[in-house]
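Just below is one structure, and these are the notes that go with it.
All chains are identified by letter, namely A, B and C, in their written order; residue positions are counted from 1 within each chain.
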Amino acid sequence: MAMLHIVNKSPFERTAFESCLKHISVGDSVLMIEDAVVGAMQNTRFSAHIEQALQESSVYVLSGDLAARGLSQERIISGVTAVDYEGFVDLTVECDTTQSWL
Amino acid sequence: MALEVNGVAVELDEEGYLMELEDWTPEVAKTFAAEDDIELSEEHWDIINFLREYYEEYQIAPAVRVLTKAVGKRLGKEKGNSKYLYSLFPFGPGKQACKYAGLPKPTGCV
Amino acid sequence: MAIKKFMFVNRKAPYGSVYALESLEVVLISAAFDQDVSLAFLDDGVYQITKNQDTTGIGQKNFSAAYKALGDYEINKLYVEKESLEERGLTIADLMPLMWEDEDDDYQEKSSIYLVNRAEMADIMATQEVVISF
């Protein structure tokens, strides 16, 4: 049973993102949207958490939200995949269940 | 609310400003002016065009003070004062000129 | 009206919530009152002034260009916290160049951005008479 975890809060401001990463199971997917996309960037205070999550799960980031905040896809953590809204839909279809971490 | 321009209805907000920036044409400005019994001169168009360019660049309608200063710099010192702008737009250069230019009401303008 | 030192503190990323836009609107309005206004960008607030913002993918209005108009409104003290940038993998080069024209110096373009460290930011906050945090 693979679950898609959707996070929309900045990891620098709220604890939801960090809590999410502590509760994912092997094979789950994590998708960053809205303010959470800042967590996808390299060399941040949070990037080690993402790198660890990538060991056993897939991590995605919504490209439109990155661009809106002036963040380049070239600077996201290696292993994180940028997806557009279609990719978002595909993920919800592929995963058995979804959980939104508000 | 709507403004009829050459037989086509253009949607307005509750204060009479254009709902959609893209609906603007020079005819819209002329129609707004006609409602105020004003015929647009070249001097009016200088201000309207300036406002449209300002909005294009900064995505905001400038406050009157900012408009006055910028007009003085761009169109000459003798035009960069509120007396000159009020002579063109008696209902207030911020409100009236922005309306003709199809911009929203300037932020901070009551 | 006596001139007071006003500081608007920006701590949230744009677009995910309405705080950044609301702050910007209040700042622009405050300019009409001839006060001594400064802005602070710390924590996620630094994302408000990153360059190359493109909102076409999320269907929201890109209001980042409006920060470039702050100089016209004589708001030219924008304090950006160094540690906040570093913690987010950003440098000052990732921010928009925000300038103002100095009328008293032959309209020279000067930077409005001051990079300060956390301790300096605290000192600047301590000198304010009114602080409004978003």
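Heads up, the rule we're going with is that a residue touches a chain if its C-beta (ideal position, glycine included) is under 8 Å from a C-beta of that chain, and two chains touch if they have at least 3 such contacts.
Computed from a prediction, not measured in an experiment: that's the story for all the values here.
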Topology of the chain contact graph, where touching chains are joined (line, ring, star, complete, other): line
By mean Cα position, the chain sitting nearest the middle: C
Label of the chain whose CA centroid is most distant from the centroid of chain B: A
Where chain B and chain C are represented by their mean Cα positions, the distance between them in whole Å: 28
Inter-centroid spacing, chain B versus chain A (mean Cα positions, whole Å): 45
For chain C, residues that touch 2 or more chains besides their own: 62
Chain C to chain B touching residues, read off their complex: 25, 28-29, 31-32, 61-63, 65-66, 68-69, 72-73, 107
Parts of chain B lying in touch with chain C, wherever the complex brings them together: 57-60, 62-63, 65-66, 69-70, 73, 107-108
Parts of chain A lying in touch with chain C, wherever the complex brings them together: 8-10, 12-13, 34-36, 38, 41-45, 47, 63-65, 67-72, 75, 84-85
Contact set on chain C toward chain A in their complex: 11-17, 43-44, 47, 50-58, 60, 62, 64, 87-89, 94
